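Each of the next two complexes has chain A plus one more chain, namely chain B in the first and chain C in the second.
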Partner chain A sequence: MKPNDLPGPSQEHAVRQHWLSELAMAPPGMLEQLLGQIDATGRKPVTSWLRKPQTGLTMVRARAGGTGAQFNLGEASVTRCALQDGAGRVGIGYVRGGDVRHAELVALFDLALQDSTHQAELLTTVIAPLVAARVDVRDKASRQAAATRVAFYTLARE
Partner chain B sequence: MNDPHSLLASPLLPGLDDPVHDSQQVFRTLLSALSSPARLHTLSDLPQSPPPLHAATGAALLALGDYETPVWLQTPSDAAAAWLRFHCGVPLVSEPKQAQFVLIDRPLTMPPLSAFAQGLAEYPDRSATLIMQVTGFVPDGPLFSGSGIASARRIGIDGLPHDFWRSWQDNRAIAPLGVDILFVSGCSVVGLPRSTDVQYNTASGGD
Partner chain C sequence: MYVAVKGGETAILNSYELLAAERRGDPEVAELTLAQIRGQMRLAVARVMCEGSLYDKDLAALALKQAAGDQVEAIFLLRAYRTTLPRFGYSVPVDTARMALRRRISATFKDLPGGQVLGPTYDYTQRLLDFSLAEASAAPTPPSAETPLPATSPRVTDLLGEEGMIEAELPLAGDPVPMDLSREPLRFPADRATRLQNLARGDEGYLLALGYSTQRGYANSHPFAGEIRMGEVPLEIIPEELGFAITIGQITLTECQMINQFAGSSDVPPQFTRGYGLAFGESERKAMGMALVDRALRAAELGEEITSPAQEPEFVLAHTDNVEASGFVQHLKLPHYVDFQSELELLRKMRSSSAKVGVGDTANQPELRATEREEA
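Entry: the complex of A and B
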């Protein structure tokens, strides 16, 4: 490995965490479409199952106000799977809910993104559009909410 | 997951094909092996296990191990450690006494049975279960009796140290404490719980 131009382990982890998070939040339909694109350019990895998709429950923990003591917020169903490519790289997919195909898509993209030769390209062609789409949806939702804002006035009475 | 580079070193093997049902089936067989001691049981359709694990050893650890069951490997192996951590998340310990499951892959150089967790008088269940990989099983051998055996049963276990059965009698003497053993060879399993007595002579592998 080239020590100088590669990010350190922690930064590398942060980058991977970021793409795993974006992939897990993305709509599966959009991921299918993007998979078709990277398949067409030969970037889709050849994989075998390391852990077939399985759905289970996970305890979601939180902190009051983000800083207080930890408490159990509740359980959420999570689907996970792991794929492996010929080089021994492991792609993992964890998504909320029971969508098996979504978990598989996340693992596929995770594998493709770990290949350093295509990583920069895939970050712009796959992850950037996902971020843009998510921000767009969020923006629209907050605009809709803002449009229904009611301003209360206190009228001065005699 | 820890450092991604450590995963690049050697490809991992898949675990049980259908984790829920396959581990139930393995569990049922291990239960039968311990409830009818000294009888040969065979597991089928097992995934490939990394060395030095035999197929049945790997399946047993996948079925029984989780984050609460420390495992001690007689021969430390990176491939086996990575595989066990990935598929069942077991902690690997360096002290034999801390382990709930012990893998003995070279019985001839194994530590004495007293080196493993023996359980407490209040909690005899807090003892270790040994998975011992042996070279094979033959019909003729020491005579076993005890719970789960109607009168007596014979089975020969190849590849054990010459004084093994004497140390087994010491283990038997401290009942209800003491260790339980699963002998494994390939896909075959023979159970030997702490309640089983053995009668041996020099010709059948005893001292």
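Entry: the complex of A and C
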């Protein structure tokens, strides 16, 4: 088995995997703003707690040499919660760190996105801007790093 | 003899308040915020996360503020706090080949694919105090290149591996889950996974000194910094309710791949061997020290002669933890009145019995004799 060669999610899971990951990596302030937008258009789900937010630990694993035997590197704080709506759907939120509201926002959007009537629209109005913002942040950091790339040259003997 | 050990309550409570006042410092000066510590003391935060063995910048910044900047105390606070949190599970092993690089250098290959990217390093600074920092200044805007770095860059060790010049790092048969030192005590012999976990949360100064000792000849390991990379990797977990992996955020890691000479054995041709360091945050010195010590500790596995402290797992691994070390050294401050009294009594008995038989010279210890006279 190759490193990290995990069972992949099915096609329907793949799209949920994508939005849950983007929501978790998004700045919470941006999610609040987007929540305001979907609330204004009546897309915000009505929810109740299935599991209130709780902060705990996940042990981060790594591999010796990057590709070898697994080892435990150290823990990271993680906050999780679960919400349900009237239709019995369950939205879950998992975020690294201790931001309880961030986890709740992820769960809210997860529920909203499971509603097939709005899913395509929300993927465009919520998830696509999150991806664009994340790519922008990385692009800026990457260009700044690239500016410190060494351009070697050789002094030729006269 | 009975020695009262009660009676310090008021003194202790008052010491808390004095400590809080000293921590705050001059009330005329603005109080530090956690955002300031997190943003402007990021390397101190990284060290506390590493050795506190908990990736959480907010908690590490809080611990540093509470500890008034004392790193080992802050690490202790973080370790103590983590014991109050439930364990949700384990992550998918992070893949450092997918790292969004902010720094990546190799001391072994000048022209490696992706290039030598210096990133935010102190390496080429002149180490002259910059007095302009004594005053507030506008936020700097670093230069930006036309094109970003490639999305991912291969590890140098993977490039060398293609030629078979370096030992392969492959998962063990069946890719077993590693032993977890936060759940089970350290036992010997310790496998490499256990050693790496121990080193990952070990004291930076200790690993630096042990690594240094290997360079100075106490274990001949001829290291090269094959690659050092720093950047962000996605942290993935498989929630039980989903059954597939999701990214729950990113973490900053520093990885060091040391490459070491190896003469080969009856089974293995001469090749390069590897030492590995991985640390939370921007923690390059820590990752390098860890990689040197990891390689030194592989001496037995590689059939090398064990001659030096850095090659002795029992010695190295039992002393990496600065929370344990600090606790055991500092416990000497606790009342040992009874212990000491008994030793004093013993010493008196020995001296009086030796005086009776007329051996031993007590004339050169006038102080103790004076004390005895006083008590008589």
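Please note the rule applied: the second predicted complex is superposed on the first by the 135 of 158 C-alpha atoms of A that agree within 3 Å, B and C clash if a C-alpha of one lies under 4 Å from a C-alpha of the other, contacts with A are read in each partner's own complex, and residues count from 1 in each chain.
Please note the rule applied: a residue touches a chain if its C-beta (ideal position, glycine included) is under 8 Å from a C-beta of that chain, and two chains touch if they have at least 3 such contacts.
None of these values were measured; they are calculated from a predicted model.
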Practice prompt. Check the residue A:116 against both partner chains and state whether it touches chain B (first), chain C (second), both, or neither.
Written response: neither
Worksheet item: So, A:11: does it touch chain B (first), chain C (second), both, or neither?
Response: neither
Worksheet item: Looking at the overlay, does A:58 come into contact with chain B only (first), chain C only (second), both, or neither?
Response: second
Item to complete: With both structures superposed, pick whichever of chain B and chain C touches the larger number of chain A residues.
Response: C
Discussion item. Per the contact definition in the header, classify A:148: touching chain B only (first), chain C only (second), both, or neither.
Written reply: second
Worksheet item: When the two structures are overlaid on chain A, which partner does A:33 contact: first (chain B), second (chain C), both, or neither?
Response: neither
Discussion item. Quick check on the superposed pair: does A:92 touch chain B, chain C, both, or neither? Answer first, second, both or neither.
Written reply: both
Item to complete: Pick one for A:48: touches chain B only (first), chain C only (second), both, or neither.
Response: first
Discussion item. Under the contact rule defined above, give the chain A residues that sit at the interface with chain B and also at the interface with chain C.
Written reply: 9, 16, 54, 82, 90, 92
Worksheet, complete the sentence: In their shared complex, chain C is touched by residues of chain A numbered 1, 3-4, 6-9, 13, 16-17, 20-21, 24-25, 54-78, 80, 82, 90, 92, 94-98, 138-150, 152
Response to the item:
Listed in rising order, chain A residues that touch chain B in their complex are 9, 12, 16, 48-52, 54, 82, 84, 87-90, 92, 114
Response to the item:
Within their complex, chain C touches chain A through residues 49-50, 53-56, 58-59, 82, 85-97, 100-103, 110-111, 115-120, 142-149, 155, 157-158, 168-172, 175-182, 191-194, 196-197, 200-201, 234-235, 237-239, 241-251, 255, 257, 274, 276, 278, 280
Practice prompt. Could you please specify the touching residues of chain B with respect to chain A in the complex?
Written response: 1, 3-4, 7-12, 14-15, 17-20, 86-87
